[in-house]
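Have a look at the structure that comes next, please.
Here the chain labels run A, B, C and D in written order, and each chain numbers its own residues starting at 1.
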Amino acid sequence: MRVGFIGLGSMGLPMADNLRRAGHELCVYNRTRARASELSGVRVAGSPREAATGAEVLITMLADDTAVEEMVLAPDGAIEGLPRGAVHAGMTTLGHNLAARLAAEHGRRGQQYVGAPVFGRPDAARAAKLWIVAAGPAAALERCRPLFDAMGQGVEVVGEDPAQAAVVKLAGNFLLAAAIEAMGEAFALARKYGIEPARLLEIVNGRVLRSPVYENYGRLIAEGRFEPPGFRLRHGLKDVRLVLEAGEDRAVPLPTASLARDRFLAAVARGWGDLDWAALARVAAVAAGLDRETLPAPATAR
Amino acid sequence: MRVGFIGLGSMGLPMADNLRRAGHELCVYNRTRARASELSGVRVAGSPREAATGAEVLITMLADDTAVEEMVLAPDGAIEGLPRGAVHAGMTTLGHNLAARLAAEHGRRGQQYVGAPVFGRPDAARAAKLWIVAAGPAAALERCRPLFDAMGQGVEVVGEDPAQAAVVKLAGNFLLAAAIEAMGEAFALARKYGIEPARLLEIVNGRVLRSPVYENYGRLIAEGRFEPPGFRLRHGLKDVRLVLEAGEDRAVPLPTASLARDRFLAAVARGWGDLDWAALARVAAVAAGLDRETLPAPATAR
Amino acid sequence: MRVGFIGLGSMGLPMADNLRRAGHELCVYNRTRARASELSGVRVAGSPREAATGAEVLITMLADDTAVEEMVLAPDGAIEGLPRGAVHAGMTTLGHNLAARLAAEHGRRGQQYVGAPVFGRPDAARAAKLWIVAAGPAAALERCRPLFDAMGQGVEVVGEDPAQAAVVKLAGNFLLAAAIEAMGEAFALARKYGIEPARLLEIVNGRVLRSPVYENYGRLIAEGRFEPPGFRLRHGLKDVRLVLEAGEDRAVPLPTASLARDRFLAAVARGWGDLDWAALARVAAVAAGLDRETLPAPATAR
Amino acid sequence: MRVGFIGLGSMGLPMADNLRRAGHELCVYNRTRARASELSGVRVAGSPREAATGAEVLITMLADDTAVEEMVLAPDGAIEGLPRGAVHAGMTTLGHNLAARLAAEHGRRGQQYVGAPVFGRPDAARAAKLWIVAAGPAAALERCRPLFDAMGQGVEVVGEDPAQAAVVKLAGNFLLAAAIEAMGEAFALARKYGIEPARLLEIVNGRVLRSPVYENYGRLIAEGRFEPPGFRLRHGLKDVRLVLEAGEDRAVPLPTASLARDRFLAAVARGWGDLDWAALARVAAVAAGLDRETLPAPATAR
């Protein structure tokens, strides 16, 4: 299949590579052009528009809503190059409003939009083990399926409205953030009573929760291993903000998400925005007086 | 072994029964005497003191701190009957302060105290599949081991201070309460976007979290199945209070626990105290306007 | 002075009327044109652009950021009619980002922007007793002063950057929302112990806080008088969202604002968005089981 | 009148002094006996019991519930010396449960209990400007009135149940704590936008709230003046805990109080427990990265 692929970050690069290996014909675009040179056997476009030109399916895997707007909807954006009848599969974790807007804008041009955010960190992307949550018109989903199969271990279709895929993905990230925050608090409590976080984790996750997510994040937190980031803390903050916006639009109070948001901000204020989002748990330790602040100097104005 | 056993509730009864089957000689006490008649082949004591008299190990499995104080420390309490050199294994989820106080009081009488709270609901108690978190003097723990083996699938020793077992257990229940609350919020969000909670659960837990705890509680919440209670909501509230107290004593802010506490109170105010604690999740749905209140009438004074 | 005035809501209408009485020459615009007929002796424009044409100062007093964007920045918006050298005084409570953007857009056209949100409810607007918080270039502020004097009892200049006026106003509304929420909780507690909210208010505000704000809002809450709204609950939600955004942009965790936001959403979910924002306090009473829900029927999807 | 007076702290000492000046005959007790020497013309008792012996009215003004239990209810406590028919006026801010228990214990001995906590800091105590919130049997209240008049500027009777006075006082302190916390957040936000807290206070309190409480606490916070403490932060934590307990006993969720509690704990964990409780506001500044931590060293275990 002829595929346009925009966004070669820590997720996008291995995803594009898996598509190439599966025999698809790729035309890629990345703001920092050098990233594209890490992929052999693909065509490198000079603009998002060029990447989409002639594609049967356009895939975007970018940092956030703003990047998607700039790459797809702005003048000289991908939407102008994409042929009528083609499909855009947006795999970035987007807000539900932008998902709805993309569906509308593509529809107006005789194109189709599929929301297809993924669960999985860069190692899962490399191993083609992502879980893809998809929503959109049935025919368009069908069109994307061979591509999804090359990048993930399964596709979960949740409806025809791309905003629904956004909400499922956001709800998932919200549950992860809530679990990280709760672990941070539980670990701080345990430490004050002389119990090692790793030991608490072993018992509570090993015997009760038995979740690989608690295991993995709990391990990162217990060992203070926040670099290199699998998923940056400031992206976690972004997702929690999108969760809160999705809630606000339908009048859903989400106090756990609100709490997580404030903790993310406290982490960012300490300069931890580019650590792994598991570092959120360190805010609880600092609040309990367990870990020293790492601020280089008091910020006076901002 | 000669075992005194106090507390034949939904957890204690099957635990005592498993001890009896394993060949131990039991003398049981329960406030509501009739409960004891469900156990054959055991001696029924007329007071907590009598239950402890002559025992090598005394086991208590009661509702809360107050019940333990009344059964063990009050006049005619078990502590007066327990022989010097015997061990008291407290399997109730206790506050860390009462755990410390029991250790001191038993010590003063030449007895030993082991904190041994359990993870598992009544079905796990029946199947002898509990996980026992134990802390206390090594020799006393050794003494209890055959009994623990008859009731559970494993013992996790966390230290010599019984308060440590209390904290591990409380931290575990806190993580469960946090997960229930977060699921309640995520489900409310999903419903507002036309996504079934069961479907969200299938994706997020089935593909990402992969935890039997999310699976079990998520199922109860998605189906609104809160009766009969495996663990009563008002006991969950009690445990969160104990978590907060443990935090307060060592200056650990626990905002997720604070949030859960307020949600538990909102549930109790609606008359849900005797539902399964998974009903906590319903508070989020009501707050979002999704489920109708079930209050029979406005309470004016309390 | 020749004044363009856009937005004749419950605040804008009496403000414009006070300007007219002070002898200024007004050209007004309101989406619902009929509102303008309540003002005699003013010219009624057919578009925002027309209202601004020929004005020395343009005043906008609209519902929210979106309305300001539509009336000022959209095609045929006021910015196209406003002469070079004229001043736009934005008196709506805006987000800090839109304030900054307006300053930039006006600057590009040789116009000046002053942020000038107000404290005061409609009765204060009628009595020309508003407090105006202003920020902008000194000369532009001077230009606006006779107008501000006709509408308010004082002007507080907080800086040269219009975003600063936005932040002061938002911080003020945040403190009000926090006070309303706290009163709601204190009143719920008091009621459960047989103490009338009005009595608690009399003691705590009458003797300790001694604030007209607590007095006024406390009275509304104690008497359940939420209609007609002086300031709509959904506008309070909007302002709290803007507070949170201002915090997020500079990494300021604001947990009290987060809490208020969730309470506002719970109120909106119950259909109280058009009550006075003092109704926020009712959420606490409902959560405590004191007041019955007023939902007409369970919402199933939204 | 013959008055027993127990507790000569920063509040009790000036209160006792005002009673003495009004011509009452005092017998005082304080744990640290030296404090009593600052009062001339009073008898100094060797035990709480002795202080109460022969008194018509016993007044207690102690740090917290535990101190009251030890001084009044423990063996050799004041209750044993107090004559039948005498009145105990408890002026400490107590939990509602201890207030109820004192009423019962005194009743059993033919004595009467009046709950009479006060609003006001040490300077108000010295100036006999306290506000006294009283609840108890009418005749007993009447008996205390001349004493209350000598210590305060007014008495607010809220009912016959001493627990009601406790709840009114706790609700008042809760509103103060909520105001301090909200100011802390608003100030942190303002600082990040280059607005001085003192300037924000001047506008928002000077023009809108117009409360001496915001003025006084706002000033302390804006100037970072937390020593000497008028009311210690750890006593504020204690009161918020009592508020939460009062709420819990009647199923009242109090999320603002929960939030304040967590903030108090974060302050205590930083070693600020003996600063003025206005220092609570500094937690918000630290969370926003504005002020540096002052922890001497990372605490590893507690």
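Things to note:
The rule is short, and it goes like this: contacts are C-beta pairs under 8 Å (C-beta built on N, C-alpha and C of every residue); 3 or more make two chains touch, one makes a residue touch a chain.
Because the structure is predicted, anything quoted here is derived from the model rather than measured.
Among the remaining chains, those touching chain C and also chain D are A, B.
Look at the CA centroids: the one farthest from the centroid of chain B belongs to C.
Taking the mean of the C-alpha atoms as each chain's centre, chain B and chain D sit 36 Å apart. The geometric centre of chain A is 50 Å away from that of chain D, both derived from CA atoms.
Along chain B, residues 192, 194, 247, 250-255, 259, 262-263, 265-266, 269, 287-289, 302 each make contact with two or more other chains.
With chains as nodes and touching pairs as edges, the resulting graph is complete, every pair of chains being joined. Chain D meets chain C in the complex at residues 96, 119, 131, 133, 154, 156, 158-159, 161, 163-164, 167-168, 170-172, 174-176, 178-179, 181-183, 185-186, 188-190, 192-195, 199-200, 202-204, 207-214, 243, 246-247, 250-257, 259, 263, 284, 287-289. Chain contact summary for the complex, chain C toward chain A: residues 237, 241, 244, 247-248, 250-255, 258-259, 261-263, 265-266, 268-269, 302.
Per the touch definition, chain B reaches chain C in the complex via residues 191-192, 194, 255, 262, 265-266, 269-271, 286-293, 295, 297-302.
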